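Please find the structures below.
Next, two complexes with subunit A in common: one pairs it with subunit B, the other with subunit C.
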Partner chain A sequence: MHRNKKAAFFLLLPIGILMILLVFYPILVTFYNSLHEMNLIRLSEMRFVGWDNYVNVLKDRGFQDAIVNTLVILIAVTGITLTASMLEALMLQRDHKISKVLTAIAIIPWALPPMVNGIIWRFVFYPGYGLINKILYNLKWIDAPVLWASDRWTTLLIAAIIVAWRIVPFCAIVLLSNLQSIDQELYEAARVDGANKWEIFRSVTLPLLLPSMGIVMTNITIAGFNAFDELVALMGYREMGQTIMMYNYTQTFSFLNFGLGSAISYIIMLGSGVFAYFYIRQLGRSQR
Partner chain B sequence: MKLLERLGSGLLIVLFLVVTLLPIVWCFVISISPESEMLKATASFLPESPTLQNYVSLLSGTGPFQGKLITGMTNTLKAVLLTEAFTLPICIMSAYALANISFRGRTTMTMALLITTVIPVFATIITIYKIYSQYELLNNYIALTLVYVTAYSPVIIWMLLNHFRDFPKEIEEAAQIDGCSRMQSFFRIVLPNSTPILLAAALILFLNTWGAYQIPLILASGRATKPLTMVMQEFSTKDNIYYGMIGAAGILALIPPGLTAIFFRKYLVSGLTGGAVKG
Partner chain C sequence: MKMKKVMALLLGASLFALSACGGTTGPAESKTESKADSAGEKKEISFMIPDWGAPTAEMLADFEKESGIKVNVEEVSWDDIRNKVSIAAGGKQAAADVVELDWSWVGEFTEAGWIAPIELDAADKKDFSAIDTFSVDGKVMGLPYSNDFRVSYYNTEMYEKAGLQEPKTWDEIGTQMKEIKEKGVAEYPFAFMTEAQEGTSTCLTWMTFLRDGKVYNEDGSFNKENVMKSLTFIDEMVKAGTINPANASGTGNVYGQITTGDAAFMTGPSSYVARIQDAEKSQVVGKAKAIVPPGSTGKATQTMALQEGVAVSAYSENKEAAETFAKWYTSQATQEKLFDTNSLIPTRVSALENLQQAGKIVDGELMLEVFDLVKNVYPNGVPAYYTEMSTAMFNAVNKMATGQLNPEQAFDEMNNKLEELRKK
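What follows is the complex of A and B.
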């Protein structure tokens, strides 16, 4: 037993050291920095300011906008992803001759770099004669190109579509594996009882999908919350429509104001802590 | 009724194919169009005279952006190889210890690892940037890789941990009774029987590192060390945006992960449903 403990210690030593050096220690330092006025260009002038950075962030209009933007993206991503991944899972579940091909295609968007996804969709929603405008124009629905992503709300909606496009495959595959584990006899029984397709879906399939809903929802939340690459590809580092991650980046690295940046990070971290709690609980449950 | 249902499912498949593939096809069309012809005021969907000029100039290092794409691709490949080489052994060791050896604080350690997966990048990266710039580790690929290791390990460890825990103890014990040491039985019995999950882990690491943007943006943004994802952002100058080049770079960047996902989908799917999450 004693030897075993020694073995465990050495096996866990590398990851332990790395985690302490590059995750846990930096987190503590970030908190320390967040209580200071601190500019990377004038490091010697660091001084303690208490909660000032936090107050300034919370009062900042840009921050409030960024929070709203992130929540809008989060809600839109949730709606699009849940609907689309459910449809995709049901489609993949049916035994088509081309099911294998469909699965192969379905997984592609998930595998691509988010930055590339952003670029691809930027061409689709290009405000001149991009793909969508060409289609609408050829259908004679519009006379002149629509200026996509030029105001705050359409930008957010397009960002949500791009993020959803990336995570739908994952969610669909999780839902699919859950669907396949449902006992066929339950469907039989419901059919014998005279239930129609919709009733079966609502009262048999949906409730039995609840276990995987936790995983699906946490993934949606993490992806929506962290939206960054896609937005940079879509619109660059402009202020309108920026998410809290982009706000955090521009405030920290454009102005090299590390005290303020650290405070923003901490506010975001506390906010996401709520989600984190449910996420860990979910994983703990799946362990059993 | 049956006919209607088949029609519905057929429509669903068409819609799925259009939404999934058309954006990628469109990006390809842009990439083979003479510079920006596609986005000019024309209603047609295909270029009049398709050209591979964008690919030629990107891959041969000629044209307005010289060797940028090749440098970026080399950097990305370097990061992938280093990340695989560091992360896999570290994760196998840790997952095995957490799965099979009971010691005090085991649950706490597992939970601490898992909790790091939901910490926003900026909560750590600002401080890491400061430390790295102090010790001149910015734009250093080993230093960058170590950050990737800490970012990707928790999920991989979780995946492997579940696998090792479910591995039948009897087989391992039988090998030990036959005179194998614990180490030998691990290398001869457990590891060879874990290839699917290890492959899944390696694939997920590849996809994550290949697509990484935020971390290198802050830690490796030097002219010579930028990865592919950052290079693609640069094909627009003050006077001109080179859409064709951006499209071509996008296609080149999506071929490796795209093909990987298609060929190894079986392993990826089993890895995914086994609790893995890609950034």
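What follows is the complex of A and C.
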């Protein structure tokens, strides 16, 4: 027993050292920086300012807007992704000759880098001669091009669609694997009991999908919270509609304000931690 | 025992990997080393530049032959250079011995101490007509290698159709743009940037500079009267529908609207003097003309240059060799070669004149005439807070163009930011 513990310790040691150096140490350094006024342009004037950076960030209108924007994207991405991935999984579950080919095709958007994804959608929603405008114009539904990304809320909705489009395939595949593992006898029993399709879905399929929902929701939250490349490709570093990640990037890498940027990172980390806590708790419950 | 050996081996390998990660500060460290060969004569330096400015291997071989300095060129995208320089400098390292220096980075790089001053004689200073933009407190901090200054362009065919003459003032432009639109000659005749990006800040700056000559007061604050004139003009043009509303949200090429024949008038980069007459890049060959930009009561008496330069890193271990290279790279002879190989417009008057006399520059006389008008926009040099100020400017103009702010509010928004930055 003692020998086994020793072996386990040595086996964990390399990854432990890596974690300390590449995860915990940067977390501590970032915290240290967040308590200092630290701008790379005036690095010699670095000084301790306590919680000032946190106070300044929380008071900043840009930050408050960015939080609202991120939450709007997160909610929209959740709604779109859950619905679309569920539909996609249910469609792919049907046993058909081309099911496997369709599954392979469906995974393509997930394999695309976010920036490429953003550029593709920029052309779709391009304000002058984009694909959507062309379709609507040819259908005679509009007389003049619609300026899709010129308004804050429309921009956020478009951003949510773009992010969702990228993550739906992965979520659908996860749900599909879960769907395929459900015992068919349960469906037969429900049918024998006189349940209709909706009742079967609500009372059999959905509860049994809960284990994979944790993975799906974690993926959705990460993607929604990290929305960055798609938005930059769509609208550049515009203040209107910027997400928390864009706000952080601008403060840290454009203005080189590493003190403030570190404080923003900490606030994001704590915010993400709250979501992570609930997901992990939920996962634990569903596994029990 | 065997297990222990395996453990030790694994541990050793992981520590080795870690030391490899931790011991290197990225490519920066190796790049800064100026090496000498066994004879101690040949020096080696690194040069970080975007692809458009990279000299040919032949040119570098010639330089090595005459100076004994070997130059390793690192082509890095323009966007990444600032990040690489700042992060390397944070660790007191040079990203490269000689680095790209955009005109808008001069104040920031100088205040941060990332670049070293360059000794330049009076004759050279005179030859670089926009050297003031690259100088801080009388010290030359960078040498410009690629020229770009504001020139105006108009579509002669559209103007003829609308029965209009070449514009001379901004008031005329305003009237003409509305007339061209009303007559149905062009839907969006005025090519002007309104999206939230750096180009929009420079558009507001040059418009104010061309018309009224003063964008900033001596203390670095905005000249409210002049900036307000420009904001009001832009707002009027947006509301009259002369500027494509898509410009505010798209990330397309606004300057290209003149070459595609969509716009009737534009003030933009000097490179378009050649571009509008190039059949491969323009649909308005023979139908568009480059002119001296309009001003307040007649043609502008000053224009703005947005040049690219090179600087010697303050953390370079061989500043002397780096400075020698920077001077060679921006010399008259090299600039003339770079025009042939990379299509870079020279920043030296002498080089531009030589090329014009050789008939190599399209519309050469006009180019020289406008180049002669280049003056410094920033009375105290480009400020260190330029990036933050510019961000506030383009966001304010963008919000105004999308109807969220009126000109007064847009001014207040950018002015409040500038005042906050000036107090720091």
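In this text, the second predicted complex is superposed on the first by the 258 of 288 C-alpha atoms of A that agree within 3 Å, B and C clash if a C-alpha of one lies under 4 Å from a C-alpha of the other, contacts with A are read in each partner's own complex, and residues count from 1 in each chain.
The rule we apply is simple: contacts are C-beta pairs under 8 Å (C-beta built on N, C-alpha and C of every residue); 3 or more make two chains touch, one makes a residue touch a chain.
In this text, all values refer to a predicted model and were calculated from it rather than measured experimentally.
Model built by superposing both complexes on subunit A: subunit B and subunit C clash.
In the overlay built on the shared chain, the residue A:G128 is in contact with subunit B and with subunit C.
Once chain A of one complex is fitted onto chain A of the other, the partner contacts of A:L40 extend to both subunit B and subunit C. Contact with subunit C, but none with subunit B, is seen for A:A149 once the two complexes are overlaid on the shared chain. By the touch criterion defined above, A:V274 lies against neither subunit B nor subunit C after alignment on the C-alpha atoms of chain A.
In the superposition on chain A, A:Y137 contacts subunit B only, with no contact to subunit C. By the touch criterion defined above, A:A7 reaches both subunit B and subunit C. Of the two partners subunit B and subunit C, it is B that touches the larger number of subunit A residues. Judged by the touch definition given at the top, the superposed model places A:I17 against subunit C, while subunit B stays out of reach. Contacts of A:Y266 after superposition: subunit B is touched, whereas subunit C is not reached. Of the two partner chains placed around the shared chain by superposition, neither subunit B nor subunit C is touched by A:I75. The clashing stretch of subunit B relative to subunit C, chosen from 130-138, 202-210 or 256-264, is 130-138 in the chain A superposition. Residue overlap on subunit A between its contacts with subunit B in one complex and with subunit C in the other: 7, 11, 14, 18, 22, 40, 126, 128, 233, 253. Put simply, subunit C touches subunit A in their complex at residues 3, 7, 10-11, 14-15, 18, 21-22, 83, 86-87, 89-90, 108, 111-113, 195-197, 244-246, 248-252, 384, 387-388, 391, 395, 398-399, 402, 404.
On the side of subunit A, the complex with subunit B involves touching residues 4-5, 7-8, 11-12, 14-15, 18-19, 22-23, 25-27, 29-30, 33, 40, 87-88, 91, 94, 96, 98, 102-116, 119-121, 123-124, 126, 128-131, 134, 137-138, 165, 170, 173-174, 177, 215, 219, 222, 225-226, 228-229, 232-233, 245, 248-249, 252-253, 258, 261-262, 264-266, 268-269, 272, 275-276, 279-280, 283-284, 286-287. Within the complex formed with subunit C, the residues of subunit A that make contact are 7, 10-11, 13-14, 17-18, 21-22, 40-44, 122, 126-128, 145, 147-151, 233-240, 250, 253-256. Contact residues on subunit B toward subunit A in their complex (touch as defined above): 9, 12-13, 16-17, 19-24, 26-27, 30, 38-43, 45, 90-91, 93-94, 96-98, 101-103, 106, 109, 111-128, 130-131, 133, 146-147, 149-150, 153, 157-158, 162, 182, 207, 210-214, 217-218, 228-229, 232-233, 243, 246-247, 250, 253-254, 257-258, 260-262, 265, 268-269, 272-273, 275, 277-278.
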